[in-house]
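In the two complexes below, chain A is the common chain; its partner is chain B in one and chain C in the other.
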Partner chain A sequence: MRTLILIALSILLLPLVVRPAIATEIWIFAIFGLGLNLLLGYTGMLSFGQSTFFGSAAYVAGWLLKHYGMNVLAALGVGVGVGALSALLVGYLCVQRSGLYFIMLTFALNQLFYFIAYQWTSVTGGEDGMPGIPRPVLLGLNFQDPLTYYAFVVVLFLASLWLMKRIVESPLGKILQAIRENEVRAEAVGYNVPRFKLLAFVLAGAFSGLAGVLYAMLFGIVPLEAIGFVFSGNVVFATLIGGSGSLYGPIIGSFVFIWLSESVSTIWARWPLLLGVAFVVVVLFLRGGVVEAWSRLMLWRFSKQKT
Partner chain B sequence: MLYALMGLGLSLITGVLNIPNFAHGALFAVGAYLLVSFVGIVGNFWIGLIVAPLGVALLGLLIEWAGIRRLYTAGHDYQLLFTFGLALILNELIIVVWGPVGISHLPPALLRGGVDLGFTFYPKYRLFVMLMAGLLVVLTWLFLEKTRYGAIMRAGIENKEMVSLLGIDIHKLFTVAFALGAYLAGIAGALTAPIRGLSPGMGVDMLGIAFVVVALGGLGNLLGAIAAGLLIGVAQAVVAAYWTEASTAVIFAVMAAVLLVRPQGLFGIR
Partner chain C sequence: MAILETENLTKAFGALTAVNGVSLEIEAGTLHSIIGPNGAGKTTLFNLLTGTFPPTSGRIVFDQKEITGTPAHRIAHLGLARSYQRTTVFPAFSLLDNVWVAAFATGRSWNGLLFKNARKYGEVTERAQTALSDVGLLSKADVPAREISHGEQRQLELAIALAAAPRVLLLDEPAAGLSPDETRKMVALVRALKGRYTIVLIEHKIDIIMSVSDRISVMHFGSLIAEGTPQEIQKNPDVRRAYLGGVAA
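== the complex of A and B ==
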């Protein structure tokens, strides 16, 4: 209940604190992170290629929106479908391997999609990105207004969160967690482990796809970076700093990550350098994410008060 | 052959240390840029070719000592973030130090021009790179197969607990393996510089290829990495001759095709 109040409060307050575009981006990124967390936090699969599905969905739905004036809901459906389908293709090749192989394969296939997008300039615009993606009117709602679009994204985020909560609490979610805890035992109990891993992968791809389309509509462009591996790394980072074990971790991570990167990137063009430093520092000194860092800080303050 | 060199180094690191090294491509790029700088300072390509990879090996030593050493017990996710962060840092440092624009670099005077092989005309420098990379692969292989320390290293890939139980300092082994892998990446980068020129993005491109080579060859399977490197190189060259745009994508397509048929990779056992 407290978390729900917290989420409701942040939804209301966020657009007052930062620009609506950034506030919207935070929730989009949170949807993206929810998808990854199903893999990373609940199934124990570290995918380093989530931008494959994010980017593919953004390109396909963006293309349809731009050239065929597609309905917004249909475009979102297409995005979810493309995300799931591309995840099915990639997942089919990857789920049979685990550990380091799995990481490397998801990354390598991410690179495959990246190079296709990079070279197929007639459709994707290559390095320049695919500009001119509209936000068509839906049921009289004018999405050109940043706050209306913000509300739309928030509704979709809440729907995603609810759905994800249902998924992880369902028998399926329990099976996935069993795979995370002990793959051999889950297999021995009679579950078809690769099948369930693939299912989790496809579900995560669908969430990524939804986030991808919303992202394309938010900025009106699909940049090449949206399908690049740095993007995949960012979402892993955001999920980990939020704390990957919990349902709400990626939301916190998304807040911290987007807010930090947006504020730093306007100051210095070489901000990925700082991002890299942040990665290294977090890994070396702050493992366990923001939540743990916070409790440690509290402990430290508490011990100071006593002395 | 350069792919084999990259794959060999990465396979060594992933195999022995059991970490995903996302900084491998950045080490490759640093090797190339260091070469150009050294050649600029000393004015001699050969000295640069010796010194630059050693610089990269030193960097590898430092990275292992300062960071990766603390992460062996952490999960792959944190190891990944660490090496990924390093890759970002190195990549940005390259842009800060050498600028974002690509640099072209000429091969040394001795190796300019081409040789007539009878059936085709081939640039001398490329021939040199092929020979050099081949020599390095053979040397590394000999080191791993024929020397005592190489045997220890292979044993480290197979079973780390056993090796440390036998009274061998496994951490020193890890450090050496990482430095050696970094050295191979560095020299691959240095050798590439005069062929393809330099750009900050070169590391990332190479990283993807190196992962493909390792995935195809099998983790820690060094002979497999060499074979997979050759296979990928040939496939790319053949496709590039007919359809230039697809020459990078084909590397990953080959990997996908092989994995469909043999999920464990070409020579993988696990």
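== the complex of A and C ==
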């Protein structure tokens, strides 16, 4: 309940504190993080190639929006589909391996998609990106107005959060965590581990796809970076800093990451340094990220009150 | 009637033949022990039976059906469950969740896999609780597995196998690393399970083997060298030479 109030408050206050575009980007990035965390936090798979699905969805849906004036909801549906489908393809190849090989495969396939986008200039615009993506009117809602679009993204974020909550609390969520905890035993008690990993991959890909289309519509362009490895790394960093052990970790991570990159970067060009320090602190002392720091603080205050 | 049979089962890892032409018949309802010195191939035999890896040659027949080469996750659904020599649980999970995932795997249906709240599977939770109470851990159902003692983890190990509602239980040294006191508890537990399940037991502690087994098979360097009742095995000169040696006296 307190988490819900906190989320509601931040949804309302955020556009007052930062530019609407940044506020919107935070929630989009949070959807992206929710998807990754199903892999990273729940299944224990570090995918270093999530931008493959984010970018592919952004390009395909962006193309349809730009050239065929597609309906917004249909474009989002296409994005979710492209995200899931590309994740099925990439995931099928990656889940055959585990550990370092898995990570390298996700990375290598990400590079493959990146260079396709880089070379295929007639469609993707290559290095210049794919500009001119509209935000068509939906049911009389004018998405050209930043706050209207912000509200639309927030609604989709809440739907994503609700859906992800259902997934992690379902038997599937338990099975994925069992795979994280002990792959051999999960297999022995009767789960086809590669199949379940693939399912997690496809679900994560669908969330990435949704985020990708919203991102393209927000900035009116699909930049080449949207399918690059830096983007894949960013969502991993954000999720780890927020806390991969919790459903809400990626949301906090998205706040910290986007806020740092958009606000602090204008004041101080060396801002990634801060990110590096935060990352080192998390890896060395706070494996549960901001979420763990908070719960430790609460525990500490609680024990002080008692004595 | 034999519920589990192997015919000339062989597994070679390169030049090493870990299991060599083993033909075994496990009668339904019995407790059949497999003994042998370290490295005799007992655990490899279990890995073959449960599909961890396929045999190099030979056949495995479970309940009249050939299961040679069936992958591990399918074996569990056929009714063959195992426990591990080295504790293999889900550390961050509560004890109940540890057995819950095993109970769900072999449950009646996977309806609602993606969307229904895991707490709403009453029948699965009941079976999980029964498995925990069978090993005497129900009172700790909410404790994370990593926080219980080694002895309790061995019991949990067993509960995970039980939760799958198997017909045949393969127990790989359930008393490994236990204190004399904990060992007595574990033996009592295995005794209580005897009759309810067909049990194949790997164990090193000879006194346990002699007191609980209906039949014993002896492995040495990957091959079966003897099979019989505990009395017959005790008298067998080959077994004495290969395995019991000075220890049995």
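We take it that the second predicted complex is superposed on the first by the 267 of 307 C-alpha atoms of A that agree within 3 Å, B and C clash if a C-alpha of one lies under 4 Å from a C-alpha of the other, contacts with A are read in each partner's own complex, and residues count from 1 in each chain.
Note that a residue touches a chain if its C-beta (ideal position, glycine included) is under 8 Å from a C-beta of that chain, and two chains touch if they have at least 3 such contacts.
Please read all numbers here as calculations on a predicted model, not as lab measurements.
Comparing chain C and chain B on the residues of chain A they touch gives the larger count to B.
Contact with chain C, but none with chain B, is seen for A:E169 once the two complexes are overlaid on the shared chain. In the superposition on chain A, contact of A:G190 is made with chain C only, not with chain B.
When the two structures are aligned on the shared chain, A:E181 is found in touch with chain C, with no touch to chain B. In the superposition on chain A, A:S246 makes contact with neither chain B nor chain C.
In the superposed model, A:N71 makes contact with neither chain B nor chain C. Of the two partner chains placed by the overlay, only chain B lies in contact with A:A278; chain C stays clear of it.
Across the complex, chain B meets chain A through its residues 14, 18-20, 22, 67, 70-71, 74-82, 84-93, 95-96, 204, 208, 211-212, 214-215, 219, 245-246, 248-249, 252-253, 255-256, 259-260, 263-264.
If you check the complex, the residues on chain C that touch chain A are 50, 52, 71-74, 76-77, 81-82, 84, 88-93, 97, 100-102, 104-106, 110, 112-119, 121, 160, 163-164.
Per the touch definition, chain A reaches chain C in the complex via residues 166-167, 169-175, 177-178, 181-182, 184-193. Residues of chain A that touch chain B in their complex: 40, 46, 48, 93, 96-97, 99-101, 103-105, 107-109, 111-112, 115-116, 119, 229-230, 233, 236-237, 240, 244, 270, 272-273, 275-280, 282-284, 287.
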